[in-house]
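There are two complexes below, and they share chain A, which is joined by chain B in the first and by chain C in the second.
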Partner chain A sequence: MTTKKYLESLFCPGSVAVVGATESPGKLGGIVLTNLLGVKGRLYPVNPAYREVMGLRAYASIREIPGAVDLSIIIRPAAEVPELLRQHAGKARFALIVSAGFAEVGEAALQEELVKAGRESGVRLVGPNCLGIYNPRHRLDTMFLPHACLKRPGKGNVAIVSQSGAIMICLLETIGRSGTGVSKVFNYGNAADIDAPEVYDYLAEDAETSVVVSYLESIGDGRKFIGAARRLADKKRLIVLRAGKGAGGQAAAFSHTGRLAGRYEVFHSILREYGIMEAPDYDSLMDAAKALSFQSISTGKRLCIITNGGGSGVLASDECMKHGLELVPLPEKSSCELRSVFPPFYAIKNPIDLTGQVRTDDYRVALRAVRDHYDGFVVIALTGVAGVTVGLADILKEFRAESGKPVAVHIAQGGIAPRLCGLLEKAKIPVYPSPERAVRGMAVLLGNGGQKHE
Partner chain B sequence: MTTKKYLESLFCPGSVAVVGATESPGKLGGIVLTNLLGVKGRLYPVNPAYREVMGLRAYASIREIPGAVDLSIIIRPAAEVPELLRQHAGKARFALIVSAGFAEVGEAALQEELVKAGRESGVRLVGPNCLGIYNPRHRLDTMFLPHACLKRPGKGNVAIVSQSGAIMICLLETIGRSGTGVSKVFNYGNAADIDAPEVYDYLAEDAETSVVVSYLESIGDGRKFIGAARRLADKKRLIVLRAGKGAGGQAAAFSHTGRLAGRYEVFHSILREYGIMEAPDYDSLMDAAKALSFQSISTGKRLCIITNGGGSGVLASDECMKHGLELVPLPEKSSCELRSVFPPFYAIKNPIDLTGQVRTDDYRVALRAVRDHYDGFVVIALTGVAGVTVGLADILKEFRAESGKPVAVHIAQGGIAPRLCGLLEKAKIPVYPSPERAVRGMAVLLGNGGQKHE
Partner chain C sequence: MDIRQKVRQFLSSTSGGKLIFEHESKQFLRELGAGAPKGVFVPRGDPLPSAVDELRYPLVAKVASSRLSSKSDAGGIKLNISNREELLRAVAGLMQIEHAEGVLAEEMVPPGFEVIVGGALDADFGPIVMYGLGGIFVEVFQDISFALAPVDEKQALWLINETKGKQILRGVRGRPPLDVNALARIIGIVSQLITTGFFEEIDLNPVVLFPDKAVVLDAKIKIR
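Presenting the complex of A and B:
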């Protein structure tokens, strides 16, 4: 069976058991069951203390459930899990172990016992120490996070593969606030069995996914990882943040998921060699997720910056270098055209500097004049000056539609900034809080997101 | 006369003229005059078209003003400025030239003429192409930005020296939103005469300033710059962002202020040699401004991270390395204490990982147990999980007061995040939107803000 077919019953299970389900809304077993009530497929609470939980018949053990279970979610103290897992033999395909308290806190022997129990029972494992899966199309949500704390994004084309639950939550927040959505979301914690490569192979074939954002601390079998990452990057846009880069981070990664992080430098150069995009830090990963969930990917490296703040334009220019983006000079025709209509103190170069005396419509004029000569546009609007109005949102929206080219925006806080940002993001134009980050967002859209080492 | 004494009449002038003042509220001359109406000292509109502007007697030229003028602000088309300046001979000490259209757009000859006119008239120049000065204690505000667009911060201890008006606006916004304030703010654009070093020397002696945040594109005379920066950094905390780092950025810097940026690498290594803190980018400069305006500076490099998200802790750990901060292990006594009260799946290491099952009070318990062993604390709270409440703000506020040590916080968006961030910042605890940035904020507070090259 292909990975695609095989993992389909993990991401879209026909039947789900919750071992450790409770009525208590404050407990993990209560939160998870609540979040699963709408799942497409049968749902079986398992808890010997109940005959019924949240209106569903409860089972004393996994064995009592009639028929096969595709996915069993286990939320019980770590020490109980291996024995519970053995009861899954011949009953369940996948066990997703939410419980923490294994290798990440030094209980390596307990984790080994878990892996052995899984292997002997013929059950594939997700976790332990994880939030698991969110698949909005199947209404599968194994995360022990109440909706009041974490608003779920809807259906979209971005997949998340994150070893860390924390970073997955942050990515979900970022994508959710964008008003866009996700295809498949996977957090796998200690990766005792199923690891990123297997999921990468699944997503490479998943029609609902066109972008994969991935956070890793360990890579397990390096060859396997790189193979799967390459196959995925050939078909979809893949961006990876690898944490645990140095001694301090590696020690922290070990306490987090109980796996060794390995030498970062080697990993970094392999990713570069195979053209897999790497996010250098948290902000870059979030920024990439936003860009990719808003706009479709494009190609090229000729960038035009249009700003009303000289310093912001300089910082954006500095950032271009790091991503191999080229600030090609304006064509003579465009320069002449703009010189004839703009005041003499505007800088008609690249960046085009409309200065603090800008009027909103100047952005329209400048963008039209250079539209055909560039692959992407970074627009910077400082709202501290009188001439910038919320009308800029319509100008950029129209320009996006007309040109079909990617646009990323930097708007500094203040004045009309919140309203303008809201309008732009509603129009699916990503807005960033610094000039450099707008350039990075653009770099991701143009496929040049992997930051060069300085 | 010392620089201190001499520049005092620039930053706290007894008399101010506005050449180009108008009644029209949309024009620069109208905005500037409006913003200056409350200035401590005499205020003289200069415009031959008026006999009165905004209730003040207007003068046809600077020469007609009775007595000497400390500061004359010139807001007229570039071509007129040299001649206007000549009329200042024997009349004004300083001329602040707001007008753009000089070297930054290729009009180098016009700028030379300007410099010559200043020298011959015995008038020192600020600008051209600048917003000038904001000194809230003197109610001096030469910026052509309406209050509706840019809310001014009040009095505080942070000075800003920025070649770019745009970046100055962003810094003012950042500091203003912090609810803290500024001492002296200076934007000098093309730096045709008065440059950063002179102002650094002034601020070194300024009793109201304890922190200086500076953005530069050109450094003019390198020796002079470094000398002044060292003198300033000896007495106050100085953090510098140098833009125009590579070819693209240098070209943009040249179109912005008409000055060559010079080789960045040389500048960078000199700053390091003399222990002057450098912000690598816009976010870092804003983050440093926030940290320094909130908390007093401290020393040491022993850091403890307390998190409820493992991945966030790993990213924070990675960032520590870059700043020479040490994640010293927990003392045995603290580990035993915490192990006896916390569940077995919490990671009692550094970072302390309270996991997704955290309860707010766990932060208090953890902080108390490690308080005496570290120089600073980075607290990470992901609000996507049920256990984190706004009570965390009181816990951190109390801990700050008890320990007297710096605390920086990362809170990811979502759930109660906005309310919690608001409460923390009200308590002068800086909150950052990423784990790495919280560490950078802490590094600045501990004097290790200069990011190492990797």
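Presenting the complex of A and C:
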């Protein structure tokens, strides 16, 4: 069976068991069951102490559930889990172990026992020590976080594959706020069995996913990782953030190569070798994810900046250099055209500075004049001046539609800014809180995804 | 003969311990197509072999020992040897060094641009190959890059271009371009050797680049 088909019953299970489900809304077993009440598929609470939980019939053990279970979520103390898992033999395909208390706290032997129990029972494992899966289209939500604490983002085209639960929560919050939605979200904790590469292969074939954001601390078998990452990056946009950059290395080695083996530098080089996009930090990861989820990658490197603030334009220009974007001068024809319609104090060069006396429609005029000569556009609008109105959203939306070229925006800060940001992101135009970040967002869209390959 | 067979044959002929003698490593690298200076090994207690007379002065003499981690720290390198008398004196002096097992007399290579080529086994990725600027630059600028081994010549050129030093290799300010293809060949050889699984570490440091060749000046290879 292909990975795609096999993991389909993990991400879209027809039947879900919650081992350790309880009525109590304050306990993990209660929160997880509450969050799963809407799941598309049968739901079975498992707890020998109850006959019924939240209006659902409860089962004393996984074995008593009629029929097969695609996904069993286990929320019981770590020491009990291997034995519980053995009861899953012939019954469940996947077990998602929420419980902590394994290798992450030095209990390596218990984790080994768990892996052995899984293998012997023919059950594939997610976790342990994880939040698991969120798939809004299937209303599958295994996260033990009440909705009051974490608002879930809606359906979208961004998948998250995160080793850390904490970072996954942050990513969900950022994505929810940015107006993007998610396709499949996967947190795999200790990676005792199912690891990032297997999920990459699944996502490569997943029609709902076009961007994959992945946070990694360890990578396990590096060749397997690179193989899957390449296959995924061939079909979708994959952005990786690697933490633990100071770890690894062998002090005892006699050569520079030997001393650096196992360190981040090796990972970094190899990602570049295979053209896999790497974010240097959390903000860059999110900025890139937003740009890629809204717009598609384009060739070319020529960028035009249109601003109503000189300083912001200069900062944006500086950032262009770092990413190999070319701020080529305006063609003579465009300059003449703009000079004839704009006041003499507008700066008709690249960046085009419409100054504090800008009127919203000037953006339309400027964009039209340069449209055919550039590959992408960064638009900066400081809303502190009277001339900038929410009408800018429509102008940029129309421009996107007629040009088909990528546009990234920096809006600062007061007045109509929040409304304008909302309108723009609804129109799938990414908005950033600084000129540099807008350029970085553009850099992942232009010229081979911002990678400076030669 | 494939590379694994060549390595097996080579390993059966080496005389030292885990750390292969420099002259044996260089001889093997030469057979594989890497450039290395012409040299003669003088075992401890032996007179100067007649082959020494075929070397062109000036020479360099280096102590050989599988127990010394740094030849230069032990005072084990004598440069600018201009005739036979000086060579005899240098060899006699170097044999006095503790754990000396012999001396390698080599034709001296004029100064050139120094780079490092290395191979190692990474915990995550297995065999990897490294390239970077050598000499003092490796410490200060850390201008290095890695790739999964083995690499072909095209990938080796990519690796070279990953470093900032690529500009120097292309020739800056009227300096001639250096022999990047010979360097790529050496990177390819190291990447193949580390991939065989017989070695733990390979350190060619430095490899000296000239407009028409690349020469392995020092080679440390550790058997796994």
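Following the convention adopted for this analysis, the second predicted complex is superposed on the first by the 425 of 454 C-alpha atoms of A that agree within 3 Å, B and C clash if a C-alpha of one lies under 4 Å from a C-alpha of the other, contacts with A are read in each partner's own complex, and residues count from 1 in each chain.
We adopt the following convention: a residue touches a chain if its C-beta (ideal position, glycine included) is under 8 Å from a C-beta of that chain, and two chains touch if they have at least 3 such contacts.
What you see is a predicted model, and the numbers here were worked out from it, not measured in a lab.
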{"item": "First (chain B), second (chain C), both or neither touched by A:Ser164", "value": "first"}
{"item": "Chain B versus chain C as contact partner of A:Gly220, first or second or both or neither", "value": "second"}
{"item": "First, second, both or neither for A:Ser269, with chain B first and chain C second", "value": "second"}
{"item": "Partner touching more residues of chain A, whether chain B or chain C", "value": "B"}
{"item": "Partner chain in contact with A:Gln357 - chain B first, chain C second, else both or neither", "value": "first"}
{"item": "First (chain B), second (chain C), both or neither touched by A:Ser255", "value": "both"}
{"item": "Contacts of A:Ala401 with chain B and chain C, given as first, second, both or neither", "value": "neither"}
{"item": "Which superposed partner A:Ala412 touches (first chain B, second chain C, both, neither)", "value": "first"}
{"item": "Partner chain in contact with A:Ala207 - chain B first, chain C second, else both or neither", "value": "neither"}
{"item": "Touching both chain B and chain C, residues of chain A", "value": "248, 253, 255-257, 454"}
{"item": "Contact set on chain A toward chain C in their complex", "value": "218-223, 225-226, 248, 253-258, 260-262, 265-267, 269-270, 272-273, 454"}
{"item": "Complex interface listing, chain C residues touching chain A", "value": "69, 116, 118-126, 128-130, 132, 138, 144-148, 155, 158-159, 161-162, 200-203, 205, 220, 222"}
{"item": "Touching residues (chain side chain B, partner chain A) in the complex", "value": "26, 28, 31, 78, 99-101, 104-105, 129, 131, 144-146, 148-151, 162-167, 169-170, 172-174, 177, 215, 217, 243-249, 251-253, 255-257, 281-283, 286, 305, 307-321, 327, 343-347, 349, 351, 353, 355-357, 382-386, 412-416, 433-437, 453-454"}
